[in-house]
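Please find one structure pasted underneath; my questions will follow.
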C-alpha cells in the first residue's frame, strides 16, 4: 500500500472466539505510535443471573462461551458443591475430570488446527488470507490427514457428549455430582477413543512442533525472538505435587524470574486479584492487587500476569503424565529454561497440554470406580456463599456465587480466563505492531502477524465480556496520568 | 399522579356465573364506572395467560378475571385451575415489574349483580391509584437508542 | 446448476463458478453455533466441495471492509447467529441481509434472543453499577467506564459499539428467510437444512426448520395418561429417575411448550428441558404456554373449597423464578419483551 494512512483498523479480528478490533496509529514517520486491542462485546451475565435458582447456573454460565462451555460447567459445578456444602462421590469427581479432559483436547485441537496454530504456521503468516484457515490446512496436509484430524475431534466430542449430555453446552453437572453415570458399553467406547487421542496427541506434537516449527529456522526465530516477548508473572492451577491439573488444586503464581510469588485458593482469591478498567475496552484488566496496577508494562514491579498453556507450564514443576512430561522437558531445553516468556511458545505449550489431557483421560477411564452407579450426593445443608476454581483451556477461571437461604442467586462474580490475559494481549499486540510496521510499510501479511500476537493466547472474548456497562448515569471526569483533567462527561441522570 | 388518567381495564367473565352476574348488574341499572371492557369465555379456565400478556402489551392497566365460586364451576374443576394459573401468573408479572394488584381474580355468581358492581368499581379505583401500566402502548417501541 | 450434495458423495469435483458462497455472521453470541458448524465433522469435507465459505470470523480471515465492497446478494446463504445487543450487532445484521440472497437465523439467540436475552430482566443503569462499581474484585477509584468514544493523550480517537437498552432477535432488525433454532442447533438439523438448500426443496420463506411438534413427542420416557403432582422439586433436591416423565416426578420441564428436533438430548442425560428450541408454532408466548401447562398438572385436592388464597400462593410458590425459567431462551420474543418499572 503506497497511501500514507495514519490509522489502521483491523476489524474484525479473526480466528479466535469473540468480537474485537485492533486500532493502530502511525506517527508522521510512518512508525507505530500506539496500538490498542479493543474488546467490543459484552452481555451482562453477572447481572442477569441474579434472581435465578443457583442450580441453574451450571447451564446458564455455559452460554458464556460455546468454545469452552465445559470450563464454565465445571467451575460452576464445583461452585455449587461449595454453595450447598456437599462433597461429590469420588466417582463423580473422576467422571467430571474425564469429561473435562476430553473438552481440553477438543478445545486445544480446534485452536491448533483451525484457529491459530496450523493456519498461521503451516500456511505461513503471510499466506493469502483465503488460504489461512482450516480448509487451506486440509488442502496442504491432504484429505487423509484431514480425515484423521476430523475423526479425533469427533472422539473428543463424543466423550463430552457421553458424560455431559450434549457436545456443546453440557447439562449434567449438579451440586454434589452428576445427573447420571456411564455404562460399561460407554466405558469401552471412551477407552478406545482415549487411546486414539493419545496417539493423535503424539502425532500432533511431531507434526506441528518437530516437523513444522523446529525444522523451520524462521519460525524458531519468530518464537524465540523479540517481537512476541514479555516478562510477566504467571498463574495456574497445580495439584498437590505441583503438576498441571485442570480440574482441581491450588492457584500458584510465579514471578518473571520463575520464583514462587504466592499461592491461593477459593477462600482468598479476592485478596490477590483486582480488576482495572479502561475507557476503550469493555473487558476489564485483572492484575495482582498486592503489587498494584502500574500500567501496561512488563516486569516484577507490574501487577500484570498471564495465564493459559505457557503460564501453566511455567508455574508447575512438570506434567503428571509421561509423554507430556518428556515434551515439557524438551520445550524448556530449547527455549532456554523456565520461565519461558515467549508468547508464541503458547502454541507449543498447548500441544503439550493436549497430550497430557489425553493421557489423563486414559488414566481415568481405566479407574475401577469410573462406572460406579453412585455419582451424586444430594445436598442437605442450607446453601450459602461459594467459589469454584478450575483451569479453562485459556486460563484460570473463577466462579463466585452468593445465594439466599432458598438457594436463589443474589450476586455473581466471574473472573474469566481470557480476562486475565487482557493486559497481556494488549501489550503483545502493541509490541508486535511497533516492531513489524515501519516507514508506512503495511500489508496484509504484516497485519496478520500483528493478529498472531493475540492469537497465541487463544482468546475467548465472549467468556471474558460477560459484564455489561451500558451508559453511566452520572458525571465522569477522566484524568491523565499526571492528574490533569482530560475529559469531562455527563449523561442524563434517570 | 395524573388526575386525568382513565385506566383501561379488561374483565374476563365466565359464561355461566360471572357473565350472568354482569348482565344482572346491567339490567338492574347498577352504576359502574365506564373504564372497562368485558370478554366472555365459556369458563374462566379458558383464559390463557397469553391473553392476559397480550392485553398488557396492548396497554391494559388492569385485568380482572371473574369466575364461579369454588365448588360451583359448570365444568366442575375449571376455576380450580384458573386460580392456580392466576396465582403463578401474578408472581411472574411481578417479576416483569408490574404491581401485583394489576391482576385480580374474583368469584362472582350469576345472582351477584351487586357484587359485580362493587368489585369492578373497586378495581377501577385501585388501578387509577396505581397509575398507567409501565407497559402502556406509548412506552413500547424498539427503544434501540438506549 | 447448483450441484446436489448426494451426487458428490461419489467424489466429484466442482468448478469454482458453480460453488455456493456461504457466510457465517455473528451478533451477541457465545460462538457455540460457530463450533457446531465446524463440528459437522466429515460432512464439512462434502460441504467444501460444493461451497466456498467467504466469511466466518472464527475460522477465516475475511475482514468487514471486503464484505462492504461486495454486491448486494453476492453471498448465497448467510447463517447468522447471536442476538442483537449493540450498534455493531445491528450493523452486521443489516450488512449481511443486504449482501445475502438467503439469510438464516441460526441458533436460539438469533431466533429468540437466547440466554443473552435474559438481560432484558435488567436495565443499563443496574448493569453498569454492578460491573464497574460493585463487583468485589473491581478496583476503580476514579470511576472509569468504557465509553462509545474516547481520545487518548495523543488525540487518537477510539470507539466502542453503542450499547442498547434491550436485546433483540435478528428478525426484529431485518427480514429473516429461515429459522434454525437450538442451543446450538443439532448437526442433523444443520445437515438437513444444507441438503434442503442444495436440492432446492426449501419450505416457504419464514419457516422454522425444526419439528412442528412439542418435545414430548420426541421424549424417550414413558408418558403417563395423567399427571397430578403434589410437590415441585428442584433438580438437585431428589434422585432423578431416568425412565419416568420428569414432570411426573415434580421436576419443571419445558418439554410441552418447546419444539422437538433436538433428539431430547438433555432428557436423555437425565436433566429437564429448558426450552432452547423455542415455542411451538401453536403458542405465541413460550412462557405463558408453559405456565399454563405446569399449573394444570398441580393436583386438585378434594378439599379445594377449603383452600385459601394463601394456600394457593404457597402451592404455586414452589415454582422458583417463573420468569427466568419459562422464558430462559425466549425473553425478547415474549409478549412483554422486558422488565419495566412502575412509576411511583
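Every chain is named by a letter (A, B and C) in the order it is written, and numbering of its residues begins at 1.
Just so we're on the same page, a contact is a pair of C-beta atoms (placed from the backbone, for glycine too) under 8 Å apart; a residue touches a chain by one contact, two chains touch by 3 or more.
Just so it is clear, the model here is predicted, and its values are computed rather than measured.
J.: Farthest chain from subunit C, comparing Cα centres?
T.: That would be chain B.
J.: Using CA atom means as chain centres, which chain is nearest the centre of all the protein shown?
T.: That would be C.
J.: Taking each chain's centre as the mean of its CA atoms, how far is subunit A from subunit C in angstrom?
T.: Whole-Å distance between the two chain centres: 24.
J.: With centres defined as the mean C-alpha position, give me the subunit B-subunit C separation in Å.
T.: 33
J.: Averaging over Cα atoms per chain, report the distance between subunit A and subunit B in Å.
T.: 53
J.: Mark out which residues of subunit C touch at least two other chains, giving numbers and ranges.
T.: 121, 124, 163, 165, 321, 324
J.: Residues touching two or more other chains, restricted to subunit B: which are they?
T.: 95, 146
J.: Can you list every residue of subunit A that touches 2 or more other chains, as numbers and ranges?
T.: If we look for residues of subunit A contacting two or more partner chains, we find 51, 470-471.
J.: Sort out for me which residues of subunit C touch subunit B in the complex.
T.: Against subunit B, the touching part of subunit C is residues 90, 121, 124, 162-166, 168, 172, 283-285, 287-289, 291-292, 294-296, 298, 300, 304-305, 307, 309, 312-313, 315-317, 319, 321-324, 326, 334-337, 339-343.
J.: Where on subunit C does subunit A make contact in their complex?
T.: Contacts found on subunit C: 26, 28-36, 38-39, 41-42, 44-45, 48, 53, 57-65, 85-86, 88, 114-116, 118-119, 121-128, 130-132, 135-140, 142-147, 150-154, 156, 158, 160-161, 163, 165, 183-184, 234-240, 242, 265-266, 268-271, 274, 320-321, 324-325.
J.: Quick one: which bits of subunit B touch subunit C in the complex? Just the residue numbers, please.
T.: 48-50, 52-54, 56-57, 70-71, 77, 80-81, 83-85, 87-89, 91-92, 95-99, 130-132, 134-135, 139-140, 142-146
J.: Inside the complex, what are the residues of subunit A that reach subunit C?
T.: 7, 10-19, 23, 25, 33-34, 36, 38, 40-44, 46-53, 55-56, 59-60, 62-67, 69, 80, 84, 110, 114-115, 129-130, 132-135, 138, 143, 146-147, 150, 153-154, 157, 164-169, 171-172, 174-176, 179-180, 270, 273-282, 284, 286, 289, 293, 376, 378-379, 400, 406-408, 413, 415, 448, 462, 467-474, 476-480, 486-487, 489, 494
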